[in-house]
Amino acid sequence: MSDTQMPPAHPFDDDKLKEECGIFGVVGVTDAANFVALGLHALQHRGQEAGGIVSHHPEHGFNSARRFGYVRDNFTSHRLMETLPGELAIGHVRYSTAGSKGQTQIRDVQPFFGEFSMGGAAIAHNGNITNAIALRKELIERGSIFQSSSDSECIIHLMARSLQRNIPERMEDALRRVEGAFSVVAMTRTKLIGVRDPLGVRPLVLGKIGDGWALSSETCALDIIGAEYVREIEPGEMVVITADKGVDSIRPFRPQKSRFCIFEHVYFSRPDSIIGDRSVYETRRQIGVELARETPVEADLVCPVPDSGTPAAIGYAHESGIPYGMGIIRNQYMGRTFIEPTEQIRNMGVRLKLNVNRALIKGKRVILVDDSVVRGTTSRKIKEMILDAGAAEVHFRIASPPTAWPCFYGVDTPQREKLLAATMSEDEMREHLGVDSLRFISLDGLYRAVGEASGRDPKSPQYCDACFSGEYPVEPSDMVEKGFQMKAAE
Amino acid sequence: MSDTQMPPAHPFDDDKLKEECGIFGVVGVTDAANFVALGLHALQHRGQEAGGIVSHHPEHGFNSARRFGYVRDNFTSHRLMETLPGELAIGHVRYSTAGSKGQTQIRDVQPFFGEFSMGGAAIAHNGNITNAIALRKELIERGSIFQSSSDSECIIHLMARSLQRNIPERMEDALRRVEGAFSVVAMTRTKLIGVRDPLGVRPLVLGKIGDGWALSSETCALDIIGAEYVREIEPGEMVVITADKGVDSIRPFRPQKSRFCIFEHVYFSRPDSIIGDRSVYETRRQIGVELARETPVEADLVCPVPDSGTPAAIGYAHESGIPYGMGIIRNQYMGRTFIEPTEQIRNMGVRLKLNVNRALIKGKRVILVDDSVVRGTTSRKIKEMILDAGAAEVHFRIASPPTAWPCFYGVDTPQREKLLAATMSEDEMREHLGVDSLRFISLDGLYRAVGEASGRDPKSPQYCDACFSGEYPVEPSDMVEKGFQMKAAE
Amino acid sequence: MSDTQMPPAHPFDDDKLKEECGIFGVVGVTDAANFVALGLHALQHRGQEAGGIVSHHPEHGFNSARRFGYVRDNFTSHRLMETLPGELAIGHVRYSTAGSKGQTQIRDVQPFFGEFSMGGAAIAHNGNITNAIALRKELIERGSIFQSSSDSECIIHLMARSLQRNIPERMEDALRRVEGAFSVVAMTRTKLIGVRDPLGVRPLVLGKIGDGWALSSETCALDIIGAEYVREIEPGEMVVITADKGVDSIRPFRPQKSRFCIFEHVYFSRPDSIIGDRSVYETRRQIGVELARETPVEADLVCPVPDSGTPAAIGYAHESGIPYGMGIIRNQYMGRTFIEPTEQIRNMGVRLKLNVNRALIKGKRVILVDDSVVRGTTSRKIKEMILDAGAAEVHFRIASPPTAWPCFYGVDTPQREKLLAATMSEDEMREHLGVDSLRFISLDGLYRAVGEASGRDPKSPQYCDACFSGEYPVEPSDMVEKGFQMKAAE
Amino acid sequence: MSDTQMPPAHPFDDDKLKEECGIFGVVGVTDAANFVALGLHALQHRGQEAGGIVSHHPEHGFNSARRFGYVRDNFTSHRLMETLPGELAIGHVRYSTAGSKGQTQIRDVQPFFGEFSMGGAAIAHNGNITNAIALRKELIERGSIFQSSSDSECIIHLMARSLQRNIPERMEDALRRVEGAFSVVAMTRTKLIGVRDPLGVRPLVLGKIGDGWALSSETCALDIIGAEYVREIEPGEMVVITADKGVDSIRPFRPQKSRFCIFEHVYFSRPDSIIGDRSVYETRRQIGVELARETPVEADLVCPVPDSGTPAAIGYAHESGIPYGMGIIRNQYMGRTFIEPTEQIRNMGVRLKLNVNRALIKGKRVILVDDSVVRGTTSRKIKEMILDAGAAEVHFRIASPPTAWPCFYGVDTPQREKLLAATMSEDEMREHLGVDSLRFISLDGLYRAVGEASGRDPKSPQYCDACFSGEYPVEPSDMVEKGFQMKAAE
């Protein structure tokens, strides 16, 4: 059942993979919801469609607010934040649900809340449950009523049916039934809970703020609230945190070798975040260095496709010795959606957002550095703009290997047929885009850039790189059920 | 858990009992949701806070829209109604939930929807489930997750847990667990369902429109869509209606003697509705006639307190021979709520809504006819306005007996202590209001006016009159649990 | 130049003449703007499209707020009213401008403000300047820049060009150039000013509130603020009021015999207002009495067309001895406009607003009393509803003579061709409406009802009755210029 | 008089000089208003508070729309743009008025429109009229009524009072009375008009699009509509453009040596615009080169203060050989204003917008390159963030000379006392900011970077650089009247 609320998402941002969620939680600080709002603002790049916060206060109980739109437009108002009192709160920003075909509904906006016999709990997650459809079917047959189309609601229902006596144990019970790639923040009346799936595909970090604690998808959100970064929650770890007793670590899952999402390094995470003690910015810059080594070309200018290509372009320029310059300028005033746009606006596409710095480009052999090629639609338009401006040559250099497979772990990817690299060779893509050269970093090069000096271990890859390799560390069983063709074993 | 959305209700309308809901459904007509919107507009007096519609279309499945505010401000727009296709739809308008302390949340707005293994169903109800708290507790213990604070959600969960194979039978199962006073409209993918509780406390009528059928709280909503009034759904009856096979009647409950809400005649229903083959307007006029017989007084003018006192005033004037006149004029442009009103607005009270027709009132002995006295706050202010305008005498005549007991069957009543008649005798009330005389119609007089020639049968009253008599036909078990003191048996 | 802001007005209210404005001003009370807001709320029936308030405070200067929509939805908010400090304020509600073809723009919303070399002044008016087009043309030729399409802006420009030293004298200068029917409230930094045109066509009354003074279109707005009614501003009088020195009366115009608008008695004014020491309600009731005497008919029920026909119906019933009853019930929840309504809503027309009390009407010979017939479109629909409900006969009785001429004095009337009475005889109208009889009160009967015992003086009529008689007391020169055909002199 | 509409501007953007307006016009293309909307979107950096468009269509006349907020949120909607038909349109984006103390009112949003006896004209301007107060006083004394607090309205009134027969000649008349620095786009029913003041302080360029023409503040807005850049309108030139006859050039002013605003090169213009055949980006990069030459320092990292410091930082890094890196990351989701923000939000300041890339900064000697220092408030906060992140040293390098004087030519500058450089020496500033070194580019260095090989000509400077030098090319007479102290002649 759908409930109409939101205009369709912006048509010009659709040529990127999209991280679907950011999560944040805090315990042991006054006005916890305010900190959550700030944290979510710092995580806004992980989901711009909607956000929600749940807080708990001993007197006022659980309170929540869910809103479409940016955190800064909703969760900054004195009047709203007053309704979210307490020293314990969690929140969520989202892009859209894997499950929903069309529009998001406010009831799909997390955190979800459930009232159990021993009290209430709220839960928010980042990632995807790959057996959600099967679980949902089973739960409905046993009499559960789902309020949303979000697969994370399964966790709440599994918890409701657990025979355990307290909520953390019920959550353990529930998580053992769940497959996929997910990080979770949850809360009871007194506890902040964090979980990462056994492979640790999606990120989750722990921070310390005064006498309290914070959980966040990325470290950049710890910075904004002035929290100190403590460590990553480990793959397969569940932490139960109270203001007075601190962090209790539990291992609900069978141990496995970790497979962190390598695309967090490439694109999803903010460059000022730290993953595994490495600056994301520095990793991206290093990708540019590797790319320059692997795919040199004679040119006059290294130019980033703003803003995500910038660090790799800086690295490429530095390594190649070719001058770095801003050949494409981004309009700062682009937002996300238009309501009933004029025909002309609809046809403008990327030109509403980007303009070529004609005087700089003119007559030059230009290396354009972008983070990835998904459908290739934006790349074509950018190439046209660059050529219109009088560039002598256009060379695309891509800071990730060809994206040939969809992600089923909480990232919004087009269907496989729409991925340029799924149907074309590198050379066909070059021709399709109409550029003088097109080169991607190798998978090994990417692994080197993220710190694996000897590259990818083909027997047991250190990261989840399914979008490049087609090797899915967790079987996407719901999708296979729906007919998705896995890569044939070699 | 509360989700802040709405300003508190208007402070000047609070001196009335409030019907909490209106329900409407239609099957077998193109664009069924449009008909539901019109029906709900005609039922708006039964609930002004919010409304919702669910429709079903074979291709597009179930769709819903829920909005705060008037039907006419939401469900008239082409753009919204397009999202609700199909030939089957139900809808609901609501005032507020018995259960909620403060503000309504959009997720409390009916109809509710549940996905069962054999398909979805939507349900809306008018009335109250008196064992809802106990049921809810039991269901939560068994693992149900509630999405709202509304007690009607119990029905959906009971249905989800039923072992029956089809939805109507699951609903029968569910309704047998439920106590209270309620009318229900529900729908599956193909069926429109209507139910009245065994005592038939709340109304529900059946209408025919072209080849289709309609269910409505009142006949006035059949008129607006051009439907023909067929009959009342009987107390304890469940009708299952399909476009092709028509109306199937089922009796899920043990038969009982009916106890229709007598206050529907006095105030809740619209005067142009028909209840039990009697015009509500005519009944109210007849109440005025009885009132004039029972409580005559010498005076110069019979004046209604607008608008609900008007028909009884017309009857009183006719029977007494005293001229009828509009001594109080209502401002047509009053709405319901103010957001952050100025101090002055807050203090204006009833003067924002009513003004005295000074030239008519001056020097006259005035009989004011009102439908009821609840807290008495408005009555006092009206008396002051009338005296300020120079009336020689003020006589209140009330078209219902003293309201001394709260209603637990879907009507918003103040706590017992706030009811003027619960703590004062008629004479104390007269003094409290500061009027020359105050008289209420007798309970027998009221029964005569609604057509019971020999008055109320004290052994087995023909109506539910608990608000006057304290005799509750269904034990309000949740409230008793919370400490409500029933009237001692005599 | 048009500036799009508002949806077109509601299509179902268009079968009435519309008063275009209400004006209110107050001096010498704290938070004067709050009093103006309340006064405008009481005058909302005179204009529902938009409202504006200007206040002055010695420290904060002039401040204004203009808003589309009802007074109660805008000028009740603490936050807005705080921006309008001071002890002197004026305000205005409006329906629409005579001049504008389509939509109103916020800059057309009065009061208008002008900065002169000796200080600022704000002005609001009710009525129409009949030589506005000519004045405007002249002023533009001399270099004035108009900010609105409203003809009252002429007054500000004439004042700006006056050679007088103070604002009241500049206003006198300006008003002497202006022809038409108008009442004005204006303010300088210290003075509240009121003016009525020489014929006194439009109303304006004076009230006393504490140490301050109020000016209002009607007395009902004095009641709401608790002000005492002092007297009418006289035709051709200008009052200049200061908090300390009180009311100074000036006569800027050549004296003429007054010609107050008789339609204020019939329809425009609120029934609880007093005009010339007569209650409007009582006058309307008396119109019903005269109507019963002039146009008797055998019938079973006298039924008002709500709400404007009610007092006359009460009078008719009383005089004729036929029972009075509410055969038509109004939906309280109708507003004014729909944005992009569905086809079905568009076709509903009057049924969205009115329903027949079928049980009362059935089988009866019904006398329907309405205030006027303009286009006749609503009358036809009401007749159909009444017959559908099974009435045996339908007799229309109209509380005003046939409306055969447009008003050019601040009232929104259709073009002459659209007025039913302009093109049909009474008998043709009866046939067109399809009723058993149709009768209007005579012009003499109407004059008797408003207190002129010997009826209308044909040599020198006591009222402006141009809409009935075609005798215009002020030549509508702009309209004649545009081709309007005056009635031939007899 | 003020009319409340808008929350106060965002408190964290206030440490920049603000260009106050962008203007755009187009003639000879279908749906001209759509092109204007796109152009204004590209000029949004010149004014984010509000925007307006006026179009003319032979049948539908002049139409306008004015809205608060971004162009993209208003002027992209099909429904709004349909109301602006025609092949001729002009538009304006604005930041705020020099004159207004507090909030902007919708009536202050340009373009302004005036109806003259020979037809209407609309006008929008960028810049400031330095004798506006005196002109306004004179015009009011002669009977003009001002509708706004904007000084550009003077031009319309002067035109209205001109004795010339056609609008372009009236505009010439008006402009000769006006002093200051301004560029104007205007339109009659058939003509698009552009004017630059005699010194050419503010920019205006001409473009060709198909058979039509465009005028724009900057070339970047020609790019977005696909127009070809033709040339700059020359200082003191007035162009009158019709679709069929093309561009007619007029010289209404006495010729003077041009004094273009040098700050357009430093900060106001978009880097992808071209001024005087030079890319703004390239100029800024060159400023960085000059700065590196003038103010070398040993360090490990050159880091821009995003985004305006980026090109100069690239130049500085290139020239100095010190690696370039993004040490500060901007949150893409910052907007401009908060309504009733929480205390915490209010205190966050720049941290809501910027975060330090800790891993990159840690232990490094960092050169921060920013475009200017105004109040110094943001610079201090950035320095703190950098030191908190563990930088070893912080060296500020500023791509403009010390800003010691306010601009009176259409730029929003703090009062002189608030400018850090007005009250402190460079060394005092360094101490105040608490950095290891602080150096500004020299005025000569800046002149060299913009292409004046031999630097600034002190006898007759090539640019307006009053904000640095205190030498005002046009006397700011209104401000002098108000007490502003000009720099003593040396």
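Labels A, B, C and D are assigned to the chains in the order they are written; within every chain, residues are numbered from 1.
FYI, a residue touches a chain if its C-beta (ideal position, glycine included) is under 8 Å from a C-beta of that chain, and two chains touch if they have at least 3 such contacts.
Everything quoted here is computed from the prediction, not taken from an experiment.
Trainee: Quick check on the contact network: minimum steps from chain A to chain C?
Mentor: The distance in steps between these two chains is 2.
Trainee: Sort out for me whether A-D or C-D is joined by the greater number of C-beta contact pairs.
Mentor: Looking at contacts between chains, A-D has the larger number.
Trainee: Tell me whether chain B and chain C, two copies of the same sequence, contact each other through the same residue numbers or different ones, using over half shared as the line for same.
Mentor: The interface is built from the same residue numbers on each side, given that over half of them are used by both copies.
Trainee: What is the distance, in whole Å, between the centres of chain B and chain D, each centre taken as the mean of its C-alpha atoms?
Mentor: 61
Trainee: Chain A to chain D: how many Å between their CA centres?
Mentor: Measuring from centre to centre gives 37 Å for this pair.
Trainee: Cα centroid separation between chain C and chain D, in whole Å?
Mentor: Once rounded, the distance between the two centres reads 49 Å.
Trainee: Once you've mapped the touching chain pairs, tell me: line, ring, star, complete or other?
Mentor: Ring.
Trainee: Following the definition at the start, I'd like every touching pair of chains, please.
Mentor: A-B, A-D, B-C, C-D
Trainee: Would you pull the chain D residues touching chain C in the complex into a rising list?
Mentor: Chain D residues touching chain C: 1-4, 54, 61-66, 80, 83, 106-107, 113-117, 120, 137, 140-141, 143-147, 156-157, 160-161.
Trainee: Over in the complex, which chain D residues touch chain A? Could you list them?
Mentor: The touching residues are 31, 34, 38, 41-42, 44-45, 48, 70-73, 76-79, 81, 220, 223-224, 270-272, 274, 278-279, 281-282, 285, 307, 310-311, 314, 318, 323-326, 329, 331-335, 338-345, 348, 351-352, 355-360.
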